[in-house]
Amino acid sequence: MIKVGIVGGTGYTGVELLRLLAKHPQAEVNVITSRAEAGIPVSDLYPNLRGHVDLAFTEPDVELLGKCDVVFFATPHGVAQNLMPALLATGTRVIDLSADFRIRDTDLWAHWYDQTHGCPELVSEAVYGLPELNREAIKSARLVACPGCYPTAAQLALMPLLHNALVDPEHLIINAASGATGAGRQAKVGMLLTEISDSFKAYGASGHRHLPEIEQALRDMQPADSAKAQVTFIPHLLPMVRGIHATCYARALAPETLPDLQALFEQHYADEPFVDVMPAGSHPETRSVKGSNVCRISVCQPQGRDTIVVLSVIDNLTRGASGQAVQNMNIMFGLDETAGLDVVALLP
Amino acid sequence: MIKVGIVGGTGYTGVELLRLLAKHPQAEVNVITSRAEAGIPVSDLYPNLRGHVDLAFTEPDVELLGKCDVVFFATPHGVAQNLMPALLATGTRVIDLSADFRIRDTDLWAHWYDQTHGCPELVSEAVYGLPELNREAIKSARLVACPGCYPTAAQLALMPLLHNALVDPEHLIINAASGATGAGRQAKVGMLLTEISDSFKAYGASGHRHLPEIEQALRDMQPADSAKAQVTFIPHLLPMVRGIHATCYARALAPETLPDLQALFEQHYADEPFVDVMPAGSHPETRSVKGSNVCRISVCQPQGRDTIVVLSVIDNLTRGASGQAVQNMNIMFGLDETAGLDVVALLP
Amino acid sequence: MIKVGIVGGTGYTGVELLRLLAKHPQAEVNVITSRAEAGIPVSDLYPNLRGHVDLAFTEPDVELLGKCDVVFFATPHGVAQNLMPALLATGTRVIDLSADFRIRDTDLWAHWYDQTHGCPELVSEAVYGLPELNREAIKSARLVACPGCYPTAAQLALMPLLHNALVDPEHLIINAASGATGAGRQAKVGMLLTEISDSFKAYGASGHRHLPEIEQALRDMQPADSAKAQVTFIPHLLPMVRGIHATCYARALAPETLPDLQALFEQHYADEPFVDVMPAGSHPETRSVKGSNVCRISVCQPQGRDTIVVLSVIDNLTRGASGQAVQNMNIMFGLDETAGLDVVALLP
Amino acid sequence: MIKVGIVGGTGYTGVELLRLLAKHPQAEVNVITSRAEAGIPVSDLYPNLRGHVDLAFTEPDVELLGKCDVVFFATPHGVAQNLMPALLATGTRVIDLSADFRIRDTDLWAHWYDQTHGCPELVSEAVYGLPELNREAIKSARLVACPGCYPTAAQLALMPLLHNALVDPEHLIINAASGATGAGRQAKVGMLLTEISDSFKAYGASGHRHLPEIEQALRDMQPADSAKAQVTFIPHLLPMVRGIHATCYARALAPETLPDLQALFEQHYADEPFVDVMPAGSHPETRSVKGSNVCRISVCQPQGRDTIVVLSVIDNLTRGASGQAVQNMNIMFGLDETAGLDVVALLP
């Protein structure tokens, strides 16, 4: 059994990790830390874990964490970078669900996260944990930076188009919407049920931190001679708990010679266990992936015009965070990539 | 008092008309028809009307309706066109909330609505009831075709840009989302709470009936020498009752010489009682217009790139249907345009 | 015009007062205070008020408030009691929406609210503002203590039974459920959409602060020789914004000689503008009173057994707080009791 | 592997059976029937099953079903009774999720279900499938009648009290609330999101079909000399998808000598894998059992008065239907009772 540690387990990505790992056939959680809740049984905070998880939160402790084979960071940005050097020095491998090591340009990171990066020397070593893009590098990585939720949904939607240089990369539009768990479990007036239920709005229209991350990975997908991907990204807040929906718009570079997009997408993801290209004409629903690690995608070309539309859905806590983290763990340790993740989404 | 008749009052636009007209200072509903519910008190179907509306549904009857000063059609498409010649012949004026008279090209109408138009001779007379576009023509119209809900939100969002020819009109993108009342009150499995609550999806991606209507009015807003507006329109279904949110994307034709967009929008709508241009940086919420006739709009230019984003919200049943219909009635009868519509949105 | 002041206008009862008073024909809000938001326009916090309310929040100031004809307290408990003596001394009349003056026994108050009462000398003067119970006393009151939301729904449901001494008063059961606005607008993890959406639970089962208030008013309704009303009260939290539903159970004292309950209820409330006894067999829905001051009630006797069930619904922010407060103002100032409150509930 | 057939697999209990059985280590679904959807792949109807279930619906066929080891009926009432004699004659065992064989008194059944029972001769053989009550009889049963959703939640809540004759059995009150999946997947206006979202109401107050079923099983729990259990049962409709919450009220027969209720409940359910007695003072949330087979219960005695309150939650589709059906299958076939059901509830 792989020994697992979790840093910062009180948030939603923490409890989602526990839900998935509690039934993982080859891993078990040995340590889960939280400064604020140290000493409290995990199942006091999350009653769904009663009878499944017997752990209590402990103070973060590098020595204890270092005894684990792998440590997940389910912390806000700015935490992982401070513990990372000491932790990696123990020989444990790390999967960071936060934004700390996702962006290779530390100046860009500093600009968007409004603080100097605390551990720039390890940034270049970190592997961006989108398996469909970086599976080989993930296998041997010491430090995997798990993609954000919006980036995961958007990057998988656009990958076949950019990889094949079929669309104008400089005017991509990603119109995305997220369930409220995307904002975490902090006490904020703006996230009360009374403020956001039965309503809908955009937010961060002038600039969201996931933008530079999205663009970086999209550029990694492009052929060397393409113009660099540029994105207009508008996120929206859905009056619901889980789920991300991305509606992506891209203009065909050569509409007359465009290949069959349905076939292109199906082929591109033919061997991927966690990407489901739906039949032509489908509209993926977020509920079809609730609690599952699958990303469902469909592609169309409305009115046969030159704008291509790709729809994609994920569960922001599973494929958009903790499920993808477990998928990365499976890859890093040579396990079946679907171990612990072979779950049917909860529908209805 | 203006005598009002309503045809097809059992749906959501019918009950919304009743809610607004019950408190209108210069109008009163005399007749409300429904074949299926004839004889039933309106308040049996809609208990919120108990104590406010004493009418019962009656069989549709042109003679009775003809005694009204104005008749609203709150029917599915295909109904109004059949009664229209006889009804207009009585001298009554008509406000049609359905799609029957919105599109001037009856072949285009037939294509999208999958039936031959039953009254093509009156189509050219009908005035498209978007007050901000056609106020003068509405004043004297015998027949007003009220805009659809998505078109209202999208057209008001894009009007200042197209009117001033500031953006590429051939690649407009309208990404919109609607509460479930947009689908009416028919018993359909796909609209059960159990199917659409706590979930989100696109629909009609390959073509929605509001597309030709949107494009027609956008073209009416353009200077004569502009290339004709063309739209990629993707509607989505929100897990909530009321509200439409449109996120519109347009590429600036001359980014370097673009005027101050905030000022442009504020000026364009300065005299409009039912358009609220919000301060720069705002994200309008659908709940801020719940039950109100106002459309709230904000505009921005993310990262200073050449893609302009306009956000707009309306209540699909009020500004997107019955409220706008009452606004048109006020204009047609020379009343204060806000009569009966001076309502504060219900928030929270 | 009656000059109105509002203390503590940033919460949900504050914005609901503003929504109602903005359209009141005989009252206008002159002052609205908030220590935290002083200087901020009200409509910045609540965009639904844009175009309807031009006020900005000011620091609380007894002199300024004293120039108003009436002051509403929309504050948490513990605030009104401190300002009350000075404020009443200015001659202004006060309507307190908080719990400070609802309970006549200040020891009981201190027990449930966990603090000593700061103004016991005025408690006996305060009139409990349930118009159906205390209309005469309200007319001349200087200080009206508005009922809580649960108490309003439960007391109106049980009043005809207790007034006529038809049921065992010592084993009343009130099973009630509230929308999340009942908890106010504080930033609490437990009220995040992500914690309470798509879920349901009881809370405060071992004792809720509304219990002593409920029992006090129920006892006021009883004939002098009845055993004192005792209630088991279990509140529940609904995954929605507005609305309270009370399901009340009472055992008939003399099942064989029970009068016709439907007739009894209809008669009891025949002259009440804001109580709607629905037809036999009805199940009142909370949405049928959304934004309205009406309480809808139905009564039944399942299986003809000796347990009577009364169902009642109110909007917790309107009839359960700010609407009832305006109703009390209308009574105090000799206005039509429905002034400013003649609103159709927003349905759907 | 146990060969499983499912009759009527298009409803929510059908898809829930498929979700659970798809991952059951010792059972596999061989046949799933639906007259309306014959020939259609199951995953076309329920996209969450894509990649997990390859079956298509077939016409119901006794011969084919007879080759299964066990057949589940996930049909509306009235269907199972007609196929039952022929099906049992093939030697297969049957687990009926419908109401057909739950009530032993066929006259009572006929009264509540408004039709004559089509197979009275098998009613007495059927075992009521509440494992905590009838585990031994289930082991060898040919025909198990799975309890309804409300009955499951209510019976588990009241069992320790009735079994020990601690409360007045003739005046039990069960105030329960259900998510909308309890009403199935039929196209009904009354179950549209637009009709029931953001609202709450009671229904069936004058009599619900689960009442006789609840009373029958409660009586089975009582000592022989107790007065027969009688229940006032008021169900309510929650604006959410899954979950049942029962709030049960019972009056202590001898308040002074009442044992420690917390200890009593914990002891009563000490060996039950799917009943979780929560710590004193808990309020079970429906979300804590979403997708899980567990029933969580808490008990209290508000204000130390003689009314005992028991709160219980289940997922109506899992423990209230398909999960309990699988639990019964496990018992019937001598498997580990938790096989295929060892799932962590999806929270948040």
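In order of appearance the chains are A, B, C and D, and numbering begins at 1 in each one.
Heads up, the rule we're going with is that contacts are C-beta pairs under 8 Å (C-beta built on N, C-alpha and C of every residue); 3 or more make two chains touch, one makes a residue touch a chain.
Chain by chain, the UniProt names read as follows: A, B, C, D = N-acetyl-gamma-glutamyl-phosphate reductase.
Bear in mind the structure is a predicted one, so any value in this text is a computation, not a measurement.
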Higher-contact pair (C-beta pairs counted), A-D versus C-D: C-D
Most remote chain, CA-based centroid, reference being chain D: B
Between chain D and chain A, distance of the C-alpha-averaged centres to the nearest whole Å: 37
Chain B and chain D, separation of their C-alpha mean positions in angstrom: 46
Rounded Å distance between chain C and chain D, as computed from the means of their C-alpha atoms: 39
Touching two or more other chains - residues of chain B: 12, 181, 194-195, 197-198, 239-242, 284-285, 287, 290, 348
For the chain D and chain C complex, residues of the former touching the latter: 171, 173, 175, 177, 194-195, 197-203, 205-207, 211, 230, 232-234, 236, 238-243, 245, 247, 249, 251, 281, 283-287, 290, 298, 300, 302-303, 305-307, 309, 311, 313, 348
Chain C residues within the chain A interface of the complex: 12, 179-181, 183, 185-189, 191-198, 239-241
For the chain D and chain A complex, residues of the former touching the latter: 12, 15, 18-19, 22-23, 46-52, 181, 197-198, 241-242, 276, 278, 282, 284-285, 287-292, 294, 296, 317, 342-348
